[in-house]
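Before I ask anything, here is the structure I am working with.
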Amino acid sequence: MSRSNHRWLLVIGLLLLSNVILFLSNITLGERTIPAMEAIQTAFGLGSSEYSFTIQKLRMPRVLVGFLVGCSLALSGTILQGVTRNPLASPGVIGLNAGAAAAVVAVIVLLPSIPSSKLPFVAFGGALLAAVFIYIFSWRRGSSPTRMLLVGIGISAMAGAVVTYLLTLGGIFKVTQASIWMAGSLYSRSWEHFWPLLPWLLILFPISLYYARQLDLIQLGDEMAKALGLRLELSRLLLILVSVGLAGSAVSMAGTIAFVGLMAPHMARHLVGNRNRKLLPTAALMGGAIVMLADLLGRMLFKPYEIPVGIITALVGAPYMIYVLYRKKHI
Amino acid sequence: MFLSARKKLNVMASVGMIVLCLLLIAGCGGNNGEDAAGTSETAVPPTAAADTKETTRTIKDAYGDVEVPAAPARIVVLDIGALDNLLELGVKPVGAPSILAPGDPYPAYLKNTEGIENIGSVNEPNLEAIDALKPDLIIGNKDTHEQIHDQLALIAPTIFVESLGITWKENLLVHAEAVGKAEEGKQLLEGYQTRIAELKGKIESKPAPLEVSLFRPREDKIQIYLQETFSGLIMSDAGIKRPEAQTAEGFSKDLTEEQIADLDGDVMFWFSRSNSDFEKIEKSPLWATLKGVQAKQVHQVDWETWMSGLGIQAVNKVVDDLFNYLVEQ
Amino acid sequence: MKIAGLFALFIVVIIGFWASIAYGIVTIKLPVILDAFLSFDGSREHMIIRSVRLPRALITVMVGISLALAGCLMQALSRNALAGPEIFGVNYGAALAAVIASYVIGYTSLDLFAWSSFIGAGFVGAAVFLLGSFGRERLTAVKLVLVGATLNLLLASLTQGLLILNQQSLDTMRFWLAGSLTGRDLQLFLKVLPYMLIGILCTFAMGKQINLLSLGDEVAQGLGQRLFLTKLLLIVIIMLLTGSAVAIAGPIGFIGLAVPHIARFMVGVNYRWILSYSAGLGALLLLAADIGARFVLPAEELPAGVVTAFLGAPFLIYLAQRKGEFR
């Protein structure tokens, strides 16, 4: 017991450290070369005003939004994998992303007069709507996680068709804008994106920890969970709501960043095991680190091209997932 | 059941730690954010004011009134329309974007672009690169750059026009005013009006008015360009008659091969970024039934000016083409 | 009885074929259609029939047949009710291959996409083979779908990413990705047709082997099947069928997944019958979807792929419901 605790603390410590390092490198590195010390000083308000705009208005909010988005997606994925008892569940696979994407693309193409500052609400609405549909359509004398996944994939396919169709309607400029959004980008994210995002995580993260034990029980199977006195449907609904809230807020601010919600929980599980109290914080930090690293790579690899962060996470996530699939032959 | 008290404690500690860490990071960010706002407010206006010796002008743009320096010296443009107009006005911006991918050359019809720093693509101009150029004026448009307007405005006074393309006349005047050359801007526009009147006169003097068709072949369809397009507007300025199907309001309409009759005109202009699309309709047996084809009056025109052209130089090239194909031949 | 059904199906397909030629932005009467073939007078209407509507109807029928048969083979090979070309990401596989090719070569055209789609289809073939022979335990249907969805997600995001870097191919790709039967090139169709025909003929030739395979590896082996060879052959056929279908029409969902189920519902478990019925039903369904796509919006055509996707998703959900937990 205590050995596993020590291991967990060590993992958390290392993750925190790498998050801090990634945060600092994201602030230091970029299109403009800024001396490391100067950059860090500027970040804490001590440097000259020469770089203050680049550091404080561009890089800091961007990296922090990335961190929050990563945490949220990872938590959402962990909860979904727990609730559905399926290691392949993630906000992307069950259609939350596609729902958000369909809503946003519809607005960008059909209602161009709506200012882009309203898009996050649209995205959140889309994700929520997708979740509601999935929950309703998979209800049959109680909710079934497996049905939920399949229905999610169905809804996802339909939303995908809507997106494809809408894209053929729009002018090329609108379509490019929509494509960039769909790929998941942190381009020009500012404090105005950071502050609305923060409360979601600050509220939902503790709630998810509070429900960690229920999540453990659900993973034992429906029968077992009921026998142990769990109000199954209620807990499941609550956990799904938490998960949707986290994924929805993340998607609304940064678009659909693929594979983080799938990959981070796996890595975390590998490191600290299946107990959700340990798993959730580990996954969250893992997710934050993945997104920050991916965005750093996206900005630096092909300067002056900027690769959207979602592409990088897909590039990294895909081989990892194939490895996982290969290793666990019977998932 | 499985949770010992110590474990609970550990969990609580870890949660506390993470939340604390988050708050700390957030706190730093927040404070610095405010600091930065403070410094940039105190830093930018004085330098701007010092440079221009307290002579700023107020210009009305898509967002309202903007104070700009009387004689801006370091201008960054965010779209090709502004680049085109400024170069024609004799003002060389310090930074401009490429149409598609960062680092691509500027459109070939624009001259004298050497030394303009590339700032990324029109869709995603690199804000750090713009900041590094220390501009004193930024020119963009609301359609493409709405998302980054507020951030740009922190770097330098920012003038946004509403849109690109059919608003090119208004844009030219706003751009000219922004760089302190309002008079020259008006002259350029008058020059255009004079030439277009001449063109109109020559076209109207012809015995029978020519119907001029404008389309863009695509992979699996054909787009006819309607009135509310950049080149459609120039044609209607010149009083050029369009085929019945192309007189509708709006930007473009998609045709399938079986509606090919809607393409027909005495003269047919087309543009495309890839020639293979045109080769495909050319091969269709229906193509040969069109009167413009039979009269050998099908002309390819430059997409950089006719389709993606957004400024006065592109306008003049389009007018050149119209003279060339409709009057001299 | 089954023969009579097949004959009836054939008649209905012919009617659908005629409707596909007759209805569109302009409706053309039957005598005119007949005239266009029997006494061609060079008028624009006759030309439209011969050079636009007829090829389109032919392409629709062939693509429908190919996709339906490919779906049958996939379901037989993986012994999995939810297998189908669209589930495994053949579409985005092909799209990704096409985008990469256009990136490397630096130019885009439908021809290029066509050949790239074969690569995408090869990807699917490999995926089916790997999944079908993963250990002794076969994947449950639900897991198969999940793996497929993950695969799709991966391919889609990679395609999306590359497209952002290259706006010009985005312009071309977004039409192709919608899966449409409009404006397809007859030349290209003729180039791909042999592969399609070989695929279709081989499928019917292998009816017996497919039947045995669907009983399970052990039984098939016990009855003297050379398992590896049969499987390999089937995968090659699947590649031919899906590759050529995607090459001409772009991604079209639903047909490959749903048609085998409908056929099975009508004629039971004998794959020889299932294959014949699937071919007819595939052609019919795609004809119907394509005709429907012309009438959803006034004066504009919806891509057929969008229509089939809308039909396909509820069907997937229905399958999920009916087959319960798929365990």
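Here are some notes:
We call the chains A, B and C, going by the order they appear; numbering starts again at 1 in every chain.
Following the convention adopted for this analysis, a residue touches a chain if its C-beta (ideal position, glycine included) is under 8 Å from a C-beta of that chain, and two chains touch if they have at least 3 such contacts.
Small disclaimer: the values here were computed from a predicted structure and weren't measured.
By count of C-beta pairs in contact, A-C exceeds the other of the chain pairs B-C and A-C. The innermost chain, defined by the distance from its C-alpha mean to the mean of all protein C-alpha atoms, is A. Centroids built from CA atoms put chain C at 34 Å from chain A. Distance from the chain B centre to the chain C centre is 41 Å, each centre being the mean of its Cα atoms. The set of chain B residues touching two or more other chains comprises 101.
Taken residue by residue, chain C touches two or more other chains at 165, 167, 171, 175, whereas all remaining positions touch fewer. For chain A, residues that reach two or more other chains under the stated contact definition are 176, 180, 305. Across the complex, chain A is touched by residues 3-4, 6-7, 10-11, 14-15, 17-19, 21-22, 25-26, 28-33, 35-36, 39-40, 43, 101-103, 118, 120, 123-124, 126-129, 131-132, 143-144, 146-148, 150-151, 154-155, 251 of chain B.
Across the complex, chain A meets chain B through its residues 1, 5, 8-9, 12, 16, 23, 30-32, 43-45, 49, 52-54, 56-58, 60-61, 64, 67, 115-116, 171, 173, 176-177, 180, 187-188, 190-192, 194, 198, 201-202, 205-206, 209, 213, 277-278, 281, 284-285, 304-306.
Within the complex formed with chain A, the chain C residues making contact are 86, 134-135, 137, 139, 142-143, 145-147, 149-150, 153-154, 156-158, 160-161, 163-165, 167, 170-171, 174-175, 177-179, 253, 302-303, 305-306, 309-310, 312-314, 316-317, 320-321, 325-327.
For chain C in complex with chain B, the touching residues are 24-26, 44, 47-48, 50-53, 107-110, 165-168, 171-172, 175-176, 180, 182-185, 187, 300-301.
Looking at the complex, you find that chain A touches chain C at residues 86, 88-89, 92-93, 137, 140, 144, 146-147, 149-151, 153-158, 160-162, 164-165, 167-168, 172, 175-176, 179-180, 182-184, 256, 258-259, 262, 305, 307-308, 310-311, 314-315, 317-318, 321, 325, 329-331.
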